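What follows is a set of structures to go through.
Here chain A shows up in two complexes: once beside chain B, once beside chain C.
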Partner chain A sequence: MTSGTSTPSRRFNTDRWRATPGPFKVGAVILAAHALFAIIGAVWTPYGFAEMGAGLPLSGISWDHPMGLDQIGRDVFSRFMHGAHIVLLLSFAGTILGMVAGTALGLLSGYVGGWFDAVTQRVVEAMISIPFLALALVMIIAAGPALAGAPVLIVFVVGLVYAPRITRIARAAAMEIATREYVAVAELRGEGTWSIVFREILPNAANVLLVEFSLRLSYAPILIGALGFLGFGIRPPTPEWGLMISENRNLLIASPVTVFGPGLGLASLVIGFNLFTDGLSRMLGQRPVAGA
Partner chain B sequence: MSIFRLLASRILLSALTLLLVSILIFLILEALPGDVATRILGREATAKALEVLRSQLHLDQPALVRYFQWLGDFLRGDLGTSIATGRPIADVLGPRIVNTLLLSFFAFILYLVLALVPAIIQAVNRGKAIDNVISVITLLLLSLPDFLLATMLLFLFAVAVPILPALATISENSTWPEMLRVMVLPAVTLAIMMAVYAIRVLRDSLIEVLRSDYVRLAELKGLRPRAVLFRHALPNAIVPALNVTALNLGFLIGGVVIVERVFSYPGFGTLLIDALQLRDIPLIKATVMISAAVYVAANLVADVLAVLLQPRLRTSR
Partner chain C sequence: MKKLIEVRNLNIAYGGTAGWTNVVQGVSFEIARGEAFGLVGESGCGKSTVAYRLLGYGTINSLVQTGEVLFDGTDLLKLDAAALTRLRGKRIALVPQNPTTSLSPGMRVGAQIREMIATHKALPEDMAMETRIVELFALVGLPDVGHRYPHELSGGQQQRVTIAMAVACNPDLLVLDEPTTGLDVTTQRQIVQLLADLRVRIGMAMLYVTHDLALLAQIADRVGVMYAGQLVEVAPCEKLLSAPAHPYSRGLIASIPTIDGAARPGRGLRGVLRRDQISTGCKFEPRCDFATTACRTTPQTLEPVAEARAVACMRWREAVAPHFPVLVKRGEEKTAEAPARLLSVANLSLSYTRPGLFDRLLDRASPAVVRDIDLDLRTGEVLALVGESGSGKSTIARAISGRLPPGAGIIRLDGTALAPALKDRSVEELRQIQYIFQNPDASLNPRRRIRAILARPIDHFGIEVDEKALETVLDNVGLHAGYLDRFPEQLSGGERQRIAIARALLVNPKLLICDEILSALDVSVQARIVELLRALKEKHAVAMLFISHDLAVVQEFADRVAVLYHGELMQLADTATLLSKPLHPYTEMLLEAAPGLRKDHYVSRPPSAPNSMAAPGVGCPLAGRCPRQIGSLCADTRPPIQTTVNGFIRCHLTTGNLATGASPANRNDHPRQSRSVS
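Moving on to the complex of A and B:
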C-alpha cells in the first residue's frame, strides 16, 4: 500500500481483512504461496537446478521426482522450484521499470501539454502500434548476441514494452487531476513543473497507477514466458518456466506432468495476480481495463 | 461534412503513426550504436563475411540515406530482398500472409461466436449461478498464457484423444476440408484468447443497456424478450466491444506468432520467428512494418465503425 493518499494509515486487522473483496483475498493467498515457494526455491531445491543425472533421464514421475526428469536427467521439480523466484523477480523488475518510465513521461505529458504532449503521444501511439511481442523480439535481436539471454535485457524489454501503455494511463490521469483546484493553488504559489507533477499530481494519481501496476504485473509472467517459449528469453540452463515448457514439449506424450507442472505454476501465478488486481481495483474504486 | 473531416484527420493521424513506426523500427534495428554486421553475425565472424553483409545491407551509406531508400522502396511496393534466402521479400511474404489471413478469418468467426454466446447468457442471467460460473471460467482462461493454452489443446485433442492433427502443415495442394481440419486447433486457441477479453466487456455493456429506459420501454410495449435482446439491446451493447475487438486484432497479430509456432503452421508468425532467428534484417523490417500497418488499419476501422454505429459520437469531438 502506498502512503500519501487520502486514506488513513492501513494497519492489518481481521475486520479489514473480512471486509476486503473475495477475489482480493484469494489472489493474495495465491501470491503469498508463490512468494513462499519462490523464497524456498531460491535457497534450497531437492536436486541442483542444472544438475544432470539427478536420476535416469525420462524415467517418468516418482516420489523423488514429482515432475519427472528431462532429457538430460535434470530433476524438473527442482528446476521448477528454482525458477519461481526468477519469474517473480523478472516480472517485478520489468514492470517497475515500465511504471517508472511510463508514469514520469505520462504525468509530465498530461500536465505540461502543448507540443511536448503532442510529440510524446505520437511516439507512444507508434510504439503501441507494433504488436508487443514483435516489439519485444525485435529489441532482443537488436541488442545483439552479447546481451542475448541476459536477465537485464529481459527486464529492459518488458519495461520498454510496458512504458508506452502506462504512459497513456498516467497522461489521462494527469490531465484530469490538472484541472483540480489544489493544482491551481500550487501554480499560484509559484511551484515548478516538477514539484507540481510529483508532489501534487502523482499522489493523487496513485490509485489509478496502483491498479495499472497490478494489471501489468499480471501479464509480465506471460510475456516473459512467451519470450522463453519462443527461444528468445532467458539463457538456458536458467529454469524460467516458459523456457521449461518449450524445452520439455516433446515429452508431452511420455510425461505430460513434466510440461504442465511448470505450466500450472505459471497459470496459477497469473490467476493470483489477476484476482488481486480485480479485488484491488474494486477496493480503490477503479475499473481495470482489459487488454494487453 | 464534419464526418468527412473526422475521417480525413483519423486517416492522416494513422499515416503519421506508421511513418513513426518505420522510423522506430529502423532506429532499433539499424541505428543503434555499434556495428550492425557484427551484431548480426557475432564477434567470431570473419572479416570477409562482415564485408559481404555490409555491402548487402548498404551499410557503407549513412543511416539517413539508408532509411529514406528503404522507405521509398517500401512505399513503391518493393519490400527488398531477404538475406537468408536471397529471394524477394514480397515473394516470401505473399503465401505466408494468405495462410495467416485464412487462419485469422477462421479464428475471427469462432471468436464472434465464443464472445457473443457466453456474454448474452451471462447478461440475461445476471447474478445467477451460470453468470458466476462463466465469469470464473473467463478469469481462468484470461490467466492462461497463449502458448500454454495451445499446448494444452494440442495435448487434449491431438495426443490424449487423437482426433485432430498435432502439426498444422499445409501445402499448395491441400484440399479445403484438409485445410479446415488442420486449422481447427490453432484457430480455436486464437479465438478463445480473444474472446475472454471481449466477454467481460460485452457482458457489462449488455447489462447496462438492458437496464436503460429504451429497453424498458420496448419491454413495456410488450415486445417479446428475444426481440428486445437482439433488436434493441445487442446493437447498442456492441459498440464498447468494438474497441476490444480492435485491441484483439492487435493481439491476434502477436498471438499468431505463438500459435503458429506451436502448431508449425506456415504463416506470417512463423516467418517472423524464422527471420528473427536468422537475423534477416530486411525481412524482419518488412514483417514488423506490415503487422503494425494491420494494427493501425484495424484501429482506424474500429474508430470509424464506432462513429457510424453510434450517432452520439459523430458530434462530440
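Moving on to the complex of A and C:
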C-alpha cells in the first residue's frame, strides 16, 4: 500500500507503525519471532533433528533438553526448531500456489462471465462442497505411493484445496470492479481480456486478495499439521510439527511436554497469522471473509 | 420580525487523534419566523455541516468548539438526546437530499408518515390518522399514495413524500439539504414551486442548503454565501444576485450558465477550494482577483454594510460594481456549413434485453428504450443531446460507442458503417470515437498514476508521439507536468475530469462523446470545463456529442441541440433557434423550467389531456403530459416529422400552429391554473 507518499524518513516509518491497529502489531511480532526461529532452526540446532541417543529417552525436561526427549531418544527441541522452517515454507508455497491459480481463475470468471463463469463456478462449488481434509486425502491417495510424503505433493494439495475458495473471493471482487467506468474505458479502447483483468481489475482487487492471502496463510499450518498427524504429510523422520504431535501422542501421559512444544508452535503461528490478518484488513478497510 | 433560530459564532471541527480541522468557523446568522434563508457555496464549504447542526446532529468525529444555536431561546447544542428527539421532526424538520435512500424501501410510504405523526403525537384533535395522511399528500400535490412502496414512486414523487413527512407536524423550521439536486429540471421546478407554496400556507421558516444559486433565487428571501467554513456574505436574495459585494459571490454568480445567454461582466472563479492552501488572513485570498498583500494576513469578518446586508471583505467597495445582466446574444459565429458529415445515425432503435428464443419464435420484439433516432454530426460540430433522466441519452451514446449493439439501424462514421458490437470494430474506428464519462472518480483507475493512465492509450493505439506529448496535453487541459506522478485520488473532481478529457484528446479522435461530464462538478468548475471544451473545439476541430440534462450549459457552446423524450427525438434545431423559438411543447416545458437568476414566477402548465397516455411505440411519448395535446390523436398515432429551417420537429401540431401558440382543439377547456409564487 505504497500510495504516492514516499517520504523515506525513519520518523515516518515509526509513526506509521504506531498508527497500525493493535492486533496487527501483536501478530507481526509473533510472525517475526517465528520467522527468526525458523531461520535459526534451518541452520543450527542443539542436536541433529534425527540424531538418536541425544540423551535418555523420555527423560523429561532439563536445561539440555528443554522439550524433553522422545521414545527413541531424539531431542524434541531440536526437531521442533528444524521443523519451523518446514511448516512456514510449506504454508507459504501452498498458499501462493492456491492464490495464483484461484486469483487468475476467479478474476477471469468474474470479468468474462457467461458460460465460462457458469462452468467454472459449478466446478468450484463441487470442490468446496467436499470437506477439505477429505479432498486433500483423496488427492494424496490418487497421487500414488511414489509421491507420498514429498513436499511438492503437500504444496499441491494445499494449493488445490485453497484455489476454489480463493476463486470465489476473486470472482466477487472482479464482478464488482468490472462495472466501474475505467473498465468501460479500457473496453472502449479495445483492450484484450487479459490486459483488462491484469491492468485494470487486479490492482483494484489487491486489497481484498491480500487479506484473503493472509487469512488462507493462517489456515495452512493447520491443514499441513492435520495431514502430518494423519500420516499423509511429510515423510518421517523430517520433523514437521503435525507429524511430531502424531509421533508423540502416545507419550501424552509419560512425557506430555513432547507434544506441547509442537502444539504451542502451531497454535502461536496460527494466532499470529490471524491477528496479522485482522489488523491488515482493518488497515485496508476490508472485512475478512470468515469460513469458506 | 422575531428571530426563530439564531446561530452565534458557530465553530465546528472534524478530526480525531491526528488533529482537528476547522470546517466551520465563526458562522453567525439568524432566521426569522416564516423566512426562507438560503445557504450557498461550493462542495466542501461546510454548508451541510451547519444545516445538520441546526437539527442537533453531528458526526462522531465532529466537535462543536464554540458557539450557540438558539432555537426559540433554547440552545440546541446544550440539549440532551431525549430533548433533541422531541424537538426534531416536531419543530425542526429535515428534507433530505436523496429521497430514494431516505425512505425506507420496505415500508409503505403512508406508514412512514404515520410513524412520524405518531412519534410526535402530532395528530390534530378532531382528525383521524388516515384523513390527516391523505390531507398531507394533497398538500404536496400527490394523490393518496399511502399504500405504495417508495420504489413504486418516481424521484419527484418520493421527494414530495419526504416533504409531506417533514411538514406532518407543522414544524417551525424546515431544513432542506439540496432537496432537488438529484431531480430533473422540470420536477425540480415543481418541487421548488411546492415549497414556496407550502411556506405561504403553513408559515414555516426554511433553511435551504444548495449549491445552486439560480434555484435559490426562486425561493429564498435572504442568502448566506459560505466559503471555506465562513459566511462571506449575507444579503437579500435579489440584492445578492444583482449586485454581489464579495468577490466570491461575484465569481459564483458569474459561473452560473443561464438560458438567456446573458453575457455577464466579471469572470467565473478560478482555482478550487483547498483547505491546505488557506492563508491566515482572508480565506478566499488565493482565488481572489482583488486580493492585496493585506488580504493575506488580515482575517476578514462579516461586517454589516447596508440594510440587512453583511460582507466579509475589506475591499468590497472596489470589488462591487453595478452589475446588471445584459442580454447580449453571443455572436452568431455561423460559418459556411462544413460539408463533411462525420457521424450519421439512421433509424436507430435500442433495447436492453436481447430477444430470447421464445420471443424470436413468437416474433415478439423486446421493448425498445430508444426508437427511430436519426442524427448527423459534422466535423468540428457540437451536437447536444438533451433530455430528462431516463430519456435514453446515454443509451444512444453507448450504441454509438459500441457498448450496446443496436436492435436496428445503422451508425456511420465517415461514410462507413460501424460494426454494431465493440469487438468487431477496427482499432482505427475505436480511436476515432472517444468517450468521456460522467463521473471522473470512476473513470480513472485509482491504482494507476496519471502518467500510466495517459500513456496507456498511446501504447495501445501505437501512436507516434514525442516524449513531450503528455506534458503538452496536460497543458492543453490547463494542468501541468507535475500531475503525471500523482494518483487520481490526489486530484480534485475538476482536475480528474480534465485528465479524462486529456486522455481522450491524446489519441486525436474525430468524435468525442461527452456523457454528462459536468453534472458531477461544482458550478465554478463546470464553467471552467465548458471554457476548456470551447477552446478545444476551436483548436482541434473535434466533433462532440454533448449529452446533458442542463439546457443552460448546452447553450454555452453547442451548435445544435437534439431534444430527447422517452427515447424519441422530439426536436432538432440550431441552439439559437431552439432557445429563441422552441416551437415544440416539450422544449418549451424544459426551457420554462430552467431557473434563471431572477425570480421568474414559474407556473408549470398542466397537461391538457392527462389521462390519454400513449403505449410505447404507438403515439407520441409526450401524450398525457403535453400542455398542448390534441385530444386522443396524440396518443393513438405517431406524430409526423416536420422539417424546419435547420432541423426537425416531431409533433402533430403544424409548425405554424406551434409558433403562434394556437392549438386547433379545445384550448380553452383547460384554463391555466395560476398559483402564485411569491
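Quick note on the criterion: the second predicted complex is superposed on the first by the 279 of 292 C-alpha atoms of A that agree within 3 Å, B and C clash if a C-alpha of one lies under 4 Å from a C-alpha of the other, contacts with A are read in each partner's own complex, and residues count from 1 in each chain.
What we mean here is this: a residue touches a chain if its C-beta (ideal position, glycine included) is under 8 Å from a C-beta of that chain, and two chains touch if they have at least 3 such contacts.
Since the model is a prediction, treat every value here as computed from it, not as a measurement.
Undergrad: With chain A superposed, do chain B and chain C clash or fit?
TA: fit
Undergrad: Touching A:61, do we find chain B (first), chain C (second), both, or neither?
TA: Neither: A:61 stays clear of chain B and chain C.
Undergrad: Quick one: classify A:52 as touching chain B (first), chain C (second), both or neither.
TA: Neither chain B nor chain C is touched by A:52.
Undergrad: May I ask you to name which of chain B and chain C touches more residues of chain A?
TA: The partner that reaches more residues of chain A in the superposed model: B.
Undergrad: Thinking of the overlay built on chain A, is A:188 touched by chain B (first), by chain C (second), by both, or by neither?
TA: second
Undergrad: According to the stated criteria, A:225 is in contact with first (chain B), second (chain C), both, or neither; which is it?
TA: first
Undergrad: Please indicate which partner A:123 is in contact with in the superposed arrangement: first for chain B, second for chain C, both, or neither.
TA: first
Undergrad: Quick check on the superposed pair: does A:28 touch chain B, chain C, both, or neither? Answer first, second, both or neither.
TA: Neither chain B nor chain C is touched by A:28.
Undergrad: Taking the superposition as given, does A:284 touch the first partner, chain B, the second, chain C, both, or neither?
TA: neither
Undergrad: Touch test for A:199: chain B only (first), chain C only (second), both, or neither?
TA: A:199 sits against chain C, while chain B stays out of touch.
Undergrad: Looking at the overlay, does A:101 come into contact with chain B only (first), chain C only (second), both, or neither?
TA: Neither partner.
Undergrad: In the combined three-chain superposition, what is the angle centred on chain A between chain B and chain C, taking C-alpha centres, to the nearest 10 degrees?
TA: 90
Undergrad: Rounded to a whole Å, what is the shortest Cα gap between chain B and chain C in the overlaid structures?
TA: Taking the overlay as described at the top, chain B lies 8 Å from chain C at its nearest C-alpha.
Undergrad: Help me check something: in the complex, which residues belonging to chain B touch chain A?
TA: 13, 16-18, 20-21, 23-25, 28-29, 32, 34, 38-39, 42-43, 139-140, 142-148, 151-152, 154-155, 159, 197, 200-201, 244, 247-248, 250-251, 253-254, 257-258, 261, 272-273, 276-277, 279, 284, 287-288, 291-292, 295-296, 299
Undergrad: For the complex, which residues does chain C have touching chain A?
TA: 401-403, 422-423, 425, 427, 430, 433-435, 437, 439, 442-448, 456-457, 460-461, 485-487, 489-490, 503
Undergrad: Which stretch or stretches of chain A touch chain B in the complex?
TA: Result: residues 122-123, 125-127, 129-135, 137-139, 141-142, 144-146, 218, 221-222, 225-226, 229-232, 242, 245-246, 249, 252-253, 256, 259-260, 263, 266-267, 270-271, 273-275, 278, 290-292 of chain A touch chain B.
Undergrad: Provide the residue numbers of chain A that touch chain C in the complex, in ascending order.
TA: 3-4, 180-182, 184-185, 187-191, 199-200, 203-204, 206
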